[in-house]
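First subunit A sits with subunit B, and in the next complex the same chain sits with subunit C.
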Partner chain A sequence: MESLTFRHTTAKPLAGTVPSTITGVVASGNLEVLLERVLPPDTCEVAIETPIAGYGPVWEAVVADFVARAQPGGIRISINDGGARPDTVSLRLLQGARLMEA
Partner chain B sequence: MAAQMAASTDPQALSWYEATARQRVVALADPGTFTEFLPPTERRMSPHLPLFDLPRAFDDGIVVGRARLDGRPVLVAAQEGRFMGGAFGEVHGAKLIGLLRAALDVRPAAVLILFDTGGVRLQEANAGETAIAEAMRAIAEVRSAGVPVIGLIGGRAGCYGGGGLIAGTCSRLAVSEGGRISVSGPEVIETNRGAEEFDSRDRALVWRTMGGKHRRLIGGADAFAADTVAAFRAAALDLIGRAPAFDLATLEAEQARLEARIARFGDCRDATEIWARLGVNDPDAVPAMTTAAFDETVARVEEAHHDAR
Partner chain C sequence: MTDWRSEARLRDDRIAAGRAQADGKVVPATRAVDLLEAVLRPGDRVCLEGDNQKQADCLARALAACDPGKVHDLHMVQSGIVLPEHLDVFETGIARRLDYSYSGPQGGRIARMLYGGQIELGAVHTYLELFARYFVDLTPNVALIAGVSADREGNLYTGPNTEDTPTVVEATAFKNGVVIAQVNAIVDKVPRVDIPGDRIDFVVAADKPFYVEPLFTRDPAAMTETQVLMAMMAIKGIYAEYGIRRLNHGIGFGTAAIELLLPTYGERLGLKGRIATHWALNPHPTLIPAIESGWVQQVHCFGSEVGMDRYIRERPDIFFTGRDGSLRSNRAFCQTAGLYACDLFIGSTLQIDLSGHSSTVTQNRVAGFGGAPNMGSDPHGRRHPSDTWMKAGREAQITGDPMLMRGRKLVVQLVETFGDKLVPTFVERLDAMELAKKTGLELAPVMIYADDVTHIVTEEGIANLLLCRDADEREQAIRGVAGYTEIGRGRDRAKVEDLRARGIVRRPEDLGIEPLDADRALLAAKSIKDLVHWSGGLYEPPAKFRNW
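The block that comes next holds the complex of A and B.
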């Protein structure tokens, strides 16, 4: 297993008041994304556990793109990966952020 | 959590087979009444899977909690068939067993188990096998206390291995066409006995041997549900209302029922032979029947109705 953690500073906190949510399932080509509103409002942290080693730069790029688009300030994101492709990861992250805004 | 809100789409339309465990629980229960025990934020994950370099799930593949069904309190467990085939590991099993034991204290109107499992998780097989045995014991105790335990089966992993054993101890079972109930799965039988005995790639054979319609016709399941959450909810409410007592008379009736079944059908080579003996006019037509037509067929089959289990 490879563990990756990325920390970002955001311009604003993520909208909404939902304290936590989860989306996706740990299955082949899929992943689960747990979001918790537990960090300072200008901080986002993404921790990833993946059985597919060696894709750190790809994860870094996908996470950076998500943070730029969603501005998920205050959110700690924990991912259990089942070997998802970058586009699936990106969609799940945006899905999770939207659920937190409800 | 917010996932519950997103999941509460129209239960009439939500496919049980396609839904996740979380979506099933939330849509099955009265709106807004589900409270999860040990939710993903608690991170009660498998202590064994990292040894095998395998990914874990925050809920270890099972969602447990309390809810209301038609206003009445129930405890609910739902397996996630897409995480490791819904298999029983140590934490997964402990969550189900803990829920069942809690039923002895809180005395809900029923415990609902939404099976979706291939059986025991091989990477933690000893813990998984123990969990199967403890779950069956716990169900016996819960039923003895007068609380019905209802199994709902319609997920993509079916209900196999130890899950099939646990299902056999429930008060009543509801199954959909996509659901399958057995102990040894198709691939296991083929591996041990050869493709001549059972060709696991013959999907029609698999479904008419282990599928929902066959189980319902022979009385292995007590309700047949269309593949929607609404249909499973209606089936659960119906089954809670007519769950048998768990006493010596019920167990003796069950023993007699199973003995009669093996005596009557033990020499059949295919499920269609069994259906013919059950009095189904056109056995070959059963797999393609709509739910409504199948319900009419079931109503005429004596073996599908019983007071045992």
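The block that comes next holds the complex of A and C.
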């Protein structure tokens, strides 16, 4: 098990008012993403628990691209990874952000 | 005096020796070993019919049971190394040399035997290439083939899975060789004559029906959102833009997802009748919804697929069928169709390097080629134009007079950036090169060469390699769709953005596709059971795909 945390500053808060949501499932090759609107509006934090060690730089790149694209200010994100591939992680993060904007 | 008939006399001797084990042409399975020991001579070139689907398994077992003191040092020339017996014969010394095409299920063992020097390898071929050599320098002395039924004269019914049989028999029977067919049943009258009896010397009544592998069935239930996204990109960004009507699909989940998206997403884009109408393709169960929705005009097949026979019988306007109603497949003709008459090949692979060379070989598996490198290549013998072919040719840059330009076949690699167990698809150097070095091969087993590939589609986007003007642009275009692999993260971001501005790299949003819309709900069938419903109950999936 490896734990990783990334903090980013965003240009704007994530739109919408949904306080929290959860998407995905903890299954092999998949992941569960919890999003909570609990941080200052220019901050985003992503905490990851993954069973596969050694992919820090990949997670860092996936999270950085997601933040640049979605501008999820104010959101704390917790990921329970089941060995998902980076594109699946990316997709779940974007799905989560869309649910929060609803 | 020159002896012009030595081969024919040897053939007559072999047949006379074999007749001692037979009642006319018919031999019971219990005498198969005696028959082979009587007919075969040390050093013979032998085609043991192993296709990628049907297997002459009764004859394979008999060959493996021969006495290596009598039958040895054979040169096997066969398209598929599929059954354990295909390799057992190299361990016992019955066979020594091998020329073949495909070794899917035996890929791991064949790699070990190559490293261990137990097999003297000629070359790994594409199907059409090996078939061609049957008529030039690899003509079999003896062919061991499989059919569904035969009469006592040897007239052979090969049924829906005709596959390689006519080609193998043609090369052997007309050049002084001996043809031995195993059949599931000896009958008074065959449903149709696929191979005339005067080309068949012996008929072995097999102890059980020949084995057929359901190689082309992909369960929609296992398709992912990522595969749906890639299928949307391929349909909108390639099929629609080039107006692809004549095509071949590989056997992966990605192309199966495209098949299932035609009646839904394709319909929504108004593409019915404009794309995907004429196919060189096995009867993929995942094509059923597109056929039932009126998308498909006709399909020619390399082989059949387990469970599809009844469905095909009821759709003779679509498939090639005999007067008996069942499918007639032919691998050599269908490969030729895929090479010359299709405008697009799209398939998956395991590794792609920075120039675009691809391979399915990994260091401990040699899967062989099959047909992909043939269909996935630009045929320089083609002369007829089509809008698709001409558009691709223009993109590849016209020099000189346009009247003298060649078109281009579209060869598309559809890959996820990471494969199983997070193994990256994009690599600096193909494992195939390491394997070639270790086994002393002159050529690395490359599935599709870089200069044949026109597009790479990943979940990150489409790279159009036709539009790249130098090696550096090509490398950045490939890096630009390589996602979060090391190759992808090593991109020059500014250069990739420049390629994107020129339409060489295109993201889903550049195509008007929202990745979050990539939903499994778009699949016309979400399970094997749905496919059965689409077929009106005519598709009969094999047991391993029935989970209801």
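Here is the rule we go by: the second predicted complex is superposed on the first by the 102 of 102 C-alpha atoms of A that agree within 3 Å, B and C clash if a C-alpha of one lies under 4 Å from a C-alpha of the other, contacts with A are read in each partner's own complex, and residues count from 1 in each chain.
Simple rule for what comes next: contacts are C-beta pairs under 8 Å (C-beta built on N, C-alpha and C of every residue); 3 or more make two chains touch, one makes a residue touch a chain.
Note that this is a predicted model, so its numbers are computed, not measured.
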{"item": "Joint occupancy of subunit A by subunit B and subunit C, clash or fit", "value": "fit"}
{"item": "Partner chain(s) touched by A:T10 [first = subunit B, second = subunit C, both, neither]", "value": "neither"}
{"item": "Partner chain in contact with A:L94 - subunit B first, subunit C second, else both or neither", "value": "second"}
{"item": "After the two structures are overlaid on chain A, angle v-u-w for subunit B, subunit A, subunit C in degrees (C-alpha centres, nearest 10)", "value": "70"}
{"item": "Partner chain(s) touched by A:D81 [first = subunit B, second = subunit C, both, neither]", "value": "first"}
{"item": "Residue contacts on subunit A - larger count, subunit B or subunit C", "value": "B"}
{"item": "Which of subunit B and subunit C A:A61 touches, first, second, both or neither", "value": "second"}
{"item": "Partner chain in contact with A:Q71 - subunit B first, subunit C second, else both or neither", "value": "neither"}
{"item": "Least C-alpha distance (whole Å) that remains between subunit C and subunit B when both complexes are overlaid", "value": "5"}
{"item": "In the complex with subunit C, residue positions of subunit A that touch it", "value": "52, 55, 57-58, 61-62, 83, 85-88, 91, 94-95, 98"}
{"item": "Contacting residues of subunit B [partner subunit A, same complex]", "value": "1-3, 5-6, 20, 22, 39-41, 43, 50, 53-58, 80, 82-84"}
{"item": "Partner subunit B, residues of subunit A touching it in the complex", "value": "1, 18-23, 25-27, 30, 32, 34, 36, 49-51, 78, 80-82, 99-100, 102"}
{"item": "Of subunit C, residues touching subunit A in the complex", "value": "224-226, 229, 416-418, 422, 459-460, 483-484, 489, 515-516, 518"}
